[in-house]
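To keep things simple, chains are lettered A, B and C as they appear, and every chain counts its residues starting from 1.
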Amino acid sequence: MKSYRKEIWVNVPKRLAFINITKNVKEALLESKIREGLCLVNSMHISSSVFINDDEQGLHHDFEKWLETMVPHEPLEQYRHNDTGEDNADAHLKRQIFGREVVVAITEGEFDFGPWEQIFYGEFDGRRKKRILVKIIGE
Amino acid sequence: MKSYRKEIWVNVPKRLAFINITKNVKEALLESKIREGLCLVNSMHISSSVFINDDEQGLHHDFEKWLETMVPHEPLEQYRHNDTGEDNADAHLKRQIFGREVVVAITEGEFDFGPWEQIFYGEFDGRRKKRILVKIIGE
Amino acid sequence: MKSYRKEIWVNVPKRLAFINITKNVKEALLESKIREGLCLVNSMHISSSVFINDDEQGLHHDFEKWLETMVPHEPLEQYRHNDTGEDNADAHLKRQIFGREVVVAITEGEFDFGPWEQIFYGEFDGRRKKRILVKIIGE
């Protein structure tokens, strides 16, 4: 069994944004030389997500609007977590809805994707450096 | 390390439905001859989910009603994604809540399930052919 | 390839609570002697979740309050699943939002975590014994 590990660094200038990281994750797969296996991609932070969906700007606008309706950032005082001096309680909750990670199959050296699958980093508390972990195991 | 790959095809006649695919995934495990490992089951589409819950019709009714309250299909104009000519923005969002995939442990040649765990395909934009990927790695 | 399996038992005295199981899962990793691989941690029940977030009591209060707003436990009659004699339809739905499982990378014999990542069991229908599965594969 082979394994490969890589970190992808991001620094999102806005509080909330969706970044297509498919190309970066594919680079890691190429470097790994693994042809059959599984690839885990997860946020190493607890106020952001990694997920798979469509690369369409209108949809990302819908994601943002819907998440903000479900879990409003303000008023900050509605969340006990913000009593600690933080202002990101909503980001922790948005991450719970969109999830932490994806696991992707590797077949014949490539990601075994359907036609529209793209990997995104969902940032809900940006304006600082963050890391995404790629871990690949297989042969 | 061994690996095995199989596609399960579905064509759901309704826009939204939950299909029990446990039997199909167990067939793939049997074919794989893998006795210890991990099994990834994911939708290859971005408007549907694979998840594990209870095979109870009343609950599936509750799932549908709740998802429709959280992310209504109509009016279509409330979603920017639908400006592209699509009518499935809600399906992309419902999929975000229910998730893309499950990873299941394999122990002594069987899925290492609790007593009530069943694998479902959650379709949120049906009436067309779609694919589910099963990827198994192990020994 | 090596594999290791362990069950963690919990009995939460309240209906809804969040339990930090990071220490228990780390014990399983130590016992496995696996140094590179993937670790699956999942609830073996369908009315509870395993997820990764922050170990902060205020945030857990926010989680509980938000989940209860999204999916109220009462009135019981609003859910068809409860017509079967159960009272836990809301727990099945809360589990859908928070998810079933996490997959964690293992690098050099340790969980490859960001600085704040902690593994939690989210119980939504407690006051009974339940099991969490840890399955580790790798080398």
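Rule of thumb we're sticking to: a residue touches a chain if its C-beta (ideal position, glycine included) is under 8 Å from a C-beta of that chain, and two chains touch if they have at least 3 such contacts.
Everything quoted here is computed from the prediction, not taken from an experiment.
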item: Same or different contact residues where chain C meets its copy chain B, judged by the half mark; value: different
item: For chain A placed onto chain B, the superposition rotation in degrees, Cα atoms, nearest 5; value: 120
item: Separation of mean Cα positions, chain C and chain B [Å, integer]; value: 20
item: In chain B, residues with contacts to at least two other chains; value: 1, 38, 70, 97, 99, 103, 137
item: Partner chain B, residues of chain A touching it in the complex; value: 1, 36-38, 51-54, 56-59, 61-63, 66, 70, 97-99, 102-105, 107, 112-117, 137-139
item: Chain B partner contacts - residues on chain C that touch it in the complex; value: 1, 3, 5, 38, 40, 42-46, 70-71, 79-84, 89, 92-93, 95-97, 99-101, 103, 131, 133, 135, 137
